[in-house]
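Every chain is named by a letter (A, B, C and D) in the order it is written, and numbering of its residues begins at 1.
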Amino acid sequence: MDRQKTKNGMLGAEVRTDLALEAGERLQNDNAVPEGLRVEKLPCEDGAAVITRVHVESGEAARRMRKPIGTYITIEASALAGEDEGYHGKISELLSRQIRELLPKGEQRELLAVGLGNRAVTADALGPKTIDHLAVNRHILPFYREETRKKTFTVLSAIEPGVMAKTGIETAQVVQSIVRSLKPDAVLVLDSLAARSIHRLYTTIQISNTGIAPGSGVGNHRNAIDCETLGVPVIAVGIPMVVDAATIVRDALGDSRRQPVEQTEKKAAAYLEKLQNMYVTTKEIDEMTERLSFTLSEAINALTKRE
Amino acid sequence: MDRQKTKNGMLGAEVRTDLALEAGERLQNDNAVPEGLRVEKLPCEDGAAVITRVHVESGEAARRMRKPIGTYITIEASALAGEDEGYHGKISELLSRQIRELLPKGEQRELLAVGLGNRAVTADALGPKTIDHLAVNRHILPFYREETRKKTFTVLSAIEPGVMAKTGIETAQVVQSIVRSLKPDAVLVLDSLAARSIHRLYTTIQISNTGIAPGSGVGNHRNAIDCETLGVPVIAVGIPMVVDAATIVRDALGDSRRQPVEQTEKKAAAYLEKLQNMYVTTKEIDEMTERLSFTLSEAINALTKRE
Amino acid sequence: MDRQKTKNGMLGAEVRTDLALEAGERLQNDNAVPEGLRVEKLPCEDGAAVITRVHVESGEAARRMRKPIGTYITIEASALAGEDEGYHGKISELLSRQIRELLPKGEQRELLAVGLGNRAVTADALGPKTIDHLAVNRHILPFYREETRKKTFTVLSAIEPGVMAKTGIETAQVVQSIVRSLKPDAVLVLDSLAARSIHRLYTTIQISNTGIAPGSGVGNHRNAIDCETLGVPVIAVGIPMVVDAATIVRDALGDSRRQPVEQTEKKAAAYLEKLQNMYVTTKEIDEMTERLSFTLSEAINALTKRE
Amino acid sequence: MDRQKTKNGMLGAEVRTDLALEAGERLQNDNAVPEGLRVEKLPCEDGAAVITRVHVESGEAARRMRKPIGTYITIEASALAGEDEGYHGKISELLSRQIRELLPKGEQRELLAVGLGNRAVTADALGPKTIDHLAVNRHILPFYREETRKKTFTVLSAIEPGVMAKTGIETAQVVQSIVRSLKPDAVLVLDSLAARSIHRLYTTIQISNTGIAPGSGVGNHRNAIDCETLGVPVIAVGIPMVVDAATIVRDALGDSRRQPVEQTEKKAAAYLEKLQNMYVTTKEIDEMTERLSFTLSEAINALTKRE
C-alpha cells in the first residue's frame, strides 16, 4: 500500500483502487471497456464466495485499468468480516487452490513469501502479520526423512523487507537481494490494499500474477516487485484494509450530481487536495488485520502439503 | 469516542464533532450564534499555540451546540503533529496550567485520572496509553517523608475502565464504583476525540469542565461521566484522532453546492448512510497516539508538583 | 503474581510456589504431611490430563502449606506447551467443568471475571490477555429474546483492574468497588503463577476456591481478593509462567548436598539474596501467554452456555 | 542471542557469557590468563561509566575466551537500569564515540545497521526495537542540498533480518544478500546479549569489532556475521538482557562448595541439563528493552552528524 499513488488529474474521472475488479467495473459503468479486457465469472463453490477473473491482455487495457498486463483473481467473501472460523478455513482452502494455479508446476518448488508494509501502522500491517504465522520449512527440510520431504510439495521461506522510510532502502532492492541469493521458483507478495468501495473492506481477496508495480501499468519499472525485476514469477495476494478518503468524496460527489458544473469541480478539487494521505476505515481494522493475517497464512501453509 | 453518536437528521445541517470550537464556528458561519454562547480568545504565550475559551451558558446554546453547559478550552498547537520534543514539552506545560485552573483549589487534593477508550483499537487508544505513562503516587504517599508529601500538591491515581463491548459493564458504572470507593476531589477523563476538520487531527487539545456526556447536551444522563453522576468535578481532556467519514463527505458536498436540490440530497443521504462507523485518519495515527499520550501524561504528571 | 512474597527464613526449608500441589509434594518428600491436608487423585478422562485435588482443611495444614484453607484442583496437561488446537480445546472443556463444580448452583448466575497482572510485563500478562478474549454478555442480555436468555446459564462481565504500581490503588480495592456495584454471584480471578519446578511452566492449571491471598495462609487480609473481602465466592484460575530464580538455585543446592554444612548455607543464602526479583522462564513465554490466554478464555466462555 | 550455544562439558568449568569482560574475569579468577589477552581500563569521563577494553590477540586467548580475536569495549553504566533521561543521553554520546573509533575513517561512509533477534520475544527484541528508532537517511540523501549532504558524515540504512525459525533462512545469508547489494563501508550489528552476572543486566554495553560468531572463537564460519563473511568491517553492539539459568546455578554451586565431590557433580550436571533453554531475568525486561533501544539508537543516530 506504500507504493507511489497515481495522480488523478480529473475529478471523478478515475478513482484510486488496488482492485482490478473495481477498475473494470468503473470502465463498464462508463461504457468504456477497452479491447484486451476480459472478465470471467467462475462457477462458485457452494455459495461461500464469488470468484472473478479479470484478464488484462493489451497495453491499452493496462493503461485504462492502470494495472499491468496479467490475470487478477478476486475472491468476494462477505463473511470474512465476521468471526466464523469454519468460514475462514473454507476461504483459506479456496484461496490456496487459486494461488496454486498461478504457481509454476513441477516436482518440488521453492517459494519465498514477502510481507510488504509497515507492521507499526495498523492499516499497513497485513503483510508482515501474515508472515508471522507462516510455517516456513526451508531451514528444517535437510533434517527431514526422505519420505516427509517428498510429501512436502513446497519449500517455504519468508521475509519482511520493511518500508523505505524505516530502512532507507528501496523495498524492491531488499527483495531482489534476497531473491538473488535464495533463487526461489516463485515469490509470493502479501500486502494491504486500498479499495474504492467501503463494502470491499476485509471481504475481498485479490490474487494476481503481475507482482507489485508502483504507480500504474506504465512507466518506471526499476522499483517494481515483479517477474521482470526478480527473474521469477511473482504472485501478489492482498486484501483491502482502507479506502482513500478522496475516493469516498469523489464517489459521493459523483452520486449527487448528474451534470457537474465546471466551477463546482474546481472547488471540489481543492477540497480533495486536502484529503491526500487520508484514508477511511473502521474501528475493526486492528482486529481484522489480526484475523485476516491468519486466513492468508493458512492458505499459504497449505501449499507446503501435496494436494 | 465510544459514546453514542448524535443522529443528524438533515444532511449538511449539523456535523458531528467533539470540539466545541468547531461546533461554535459552524453556528457562526451560519449566522446562528445563540444567546448564551460566548467565545473568548486568550492572549497567547509566545505564539506557540492559540488558546480559545468557549462558554456554553444557556440551555439553548447547549442544545444548538450539542454540548453540555460548561467551559471548553481549546489549545490549537499545529506543531504537535511534529516530532519536536521541546515543543511538546512547552505544550505540556501550557496544558497543565489550563487543567490546573479548572481543578478545585485547596491545600492538597486527590485526583483520579480515567483513560477512556479501547487500547486494542488504535483510533481509540489515546486515553489508555496516557494512563500508561502517569506517575501515580497515591500508593506511595504514606511512605513519603512529611516534607516530600507537602511538596506534592496532587495525589494521583489512575484507572483504565475498558469499553463496554469488552467488559459487559457500562463504562460510567465502572468509573462511578471506583470514585465512590476512592472519593477523589476531582476526576480527569482522557479520551480520543473526533473532529470535523482534518486539519485538527493531532493538533488540537480540548479541555472542558463538563465531563463526558453520551449523545449531546440533552437527555439521558445515567451513563454520563460528569459532576452530576460522580459527585465531584470532572475535567475532560482530549485530542482529535479521527474525522467521521460522513462529515468529510458532507463538507465536500456543502462546499460544492450552493443550492442543494432536494433530489440530490436524498441520494447523498443514502450514500452517507453507508459511511456510518467509518472514520478518516492518516497512516501516522499509530505513531501520533504514542507521542501525544506522552504529551498529555507529562501535563498531568506536572500537576503533582506544587506550582 | 504481584502479591507480596513469603519470606523464607531458612535456606532450602521452603520454596516459593503458587501451586498447592507442589507445596504438598514438598511436605510429602519431607515426611511432614500435617493433619488436615488431603490429596485426591481423580480418575482421568482418556489420559489427556491428570487431575488432582488438594484439600487444605485445617489451620495447621494452611500454615505449613502457606496456602489458605480450601480446595485446590490441579490439571496437569503436558501437551499444553504444544500447538495442538484439538488438545487445547479438550483441556478448555475439562477446565470448564472443574470451574463449574466450584461455582454456586442456581437458575441463572452472574459471574465477574477479573484479569490480574500487568499486560505490559510478559510474565504477568496472562490474566489481562485472557480477559481480552472473553465473550462478555452482561450488556447485551437485556436485548436478547426470552428464549436465548434462558439458554445462557451465566451472565458474564470482565474487568482488568491493573497493578498498583500503575494505578496507585490497591488491586483488591478496585475489585471490591466493582463487586459492590455489580453484585455478581461469584468472582473468577485469572492470574499468572510461579511454580517451583520448571516442568510445570505452561503445563499446569490450578483452580481454587480460596481466592488470592497476599502473603500466605495467615495474616493481613485487608488486601486479599477472596470470599471474605468480596462477600461472594471467589474462584482463582492460574497457570505457572515463571519459576523464582532463587527456587531453582535452592533446588540445585538441595540436590547436590546431603548434609549441608552450616557455613555453606550462609554463603548460599547471600547468593540467593542477589536473586530476589529475578525469575526463570523460556523464550516461548510471549507465545505461550498468547496461546494459553485463549485456552483459559474458551473454558470461561463455555460457562455461559447451559451444560 | 539466537546463535548456537557453546557446549560446556565440565560443570563449573566454563560458564556461558556473551561479555568478553566476564570471560576475562573468569580466567583471571582462575589464575589462567593466557598470553595474547590484554585488558585495559580507560580513564573515564566524569565517573558516569567505566570503560574497559579487552584485546584478544592470539588464537590461544580466543580459544580460552571462547571469543574471536579482536577488540571488545565494555561500557559499565549502572544507572542505565534507571529512568534518568539525562544519564541515558550521556551514555548515548559516550557509546557513539566508542563506535566511531572502530569505524573505518574517510570522507563520507555508508553504514548498514542490522537489528538481530526476534521482536516477538521480549528477551530477544533489543536489536529490532533499536532499528525502529533509527533516523535512516540513505533514501533521502539524493534530495538533500549539497551543503546538508556534506554535513552528514554517515549514510545510514537499516534492516531487521528476522530469525531463522520465522524466515526459514540463515540470518547470515539474509545479511550477506543485502550487504552484497548495498555495498556499505561497514555493518553495525545490534543484539541482545546473555551475561553471567545478574548485576550486568541492562547496565553494560559491549562494542566489538569481531562481528557475531555462532558458537565460539573456533570452527564453522559459514554462518558468522563478520568481516570475513561480509567483506566489510562489522561492529557488534549489545546489552545483556538475560542470564542463562544454568549459569546462575553453576555459580551458586561454585560459591557453596570448596571441594566438589565427584558424585555431587553428577547430580548437579543432571539438574543443569533440565535448565537448558531457560533464562533468568526480571519483570522490568519489557520496559528496559523499550528504553535501552532508544539509548542505542540515539548513539547510532549521532553518527550521521559530523563530529
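Heads up, the rule we're going with is that a contact is a pair of C-beta atoms (placed from the backbone, for glycine too) under 8 Å apart; a residue touches a chain by one contact, two chains touch by 3 or more.
Model, not experiment: these values are computed from the prediction.
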Common touching chains of chain C and chain B: none
Whole-Å separation of chain centres (CA-atom averages), chain A against chain B: 38
Separation of mean Cα positions, chain D and chain A [Å, integer]: 39
Gap in Å, rounded to a whole number, between the CA centres of chain C and chain A: 45
Chain B: positions in contact with at least two other chains: 120
Chain-level touch network, classified as line, ring, star, complete or other: ring
Pairwise chain contacts, counting only pairs that touch as defined: A-B, A-D, B-C, C-D
Parts of chain D lying in touch with chain C, wherever the complex brings them together: 118, 120-124, 198-199, 243, 245, 248-249, 251-253, 255-257, 264-265, 267-268, 271-272, 274-275, 277-283, 285-287
Residues of chain D defined as touching chain A within the complex: 120, 131-132, 134, 136-140, 156-162, 164-170, 173-174, 176-178, 180-182
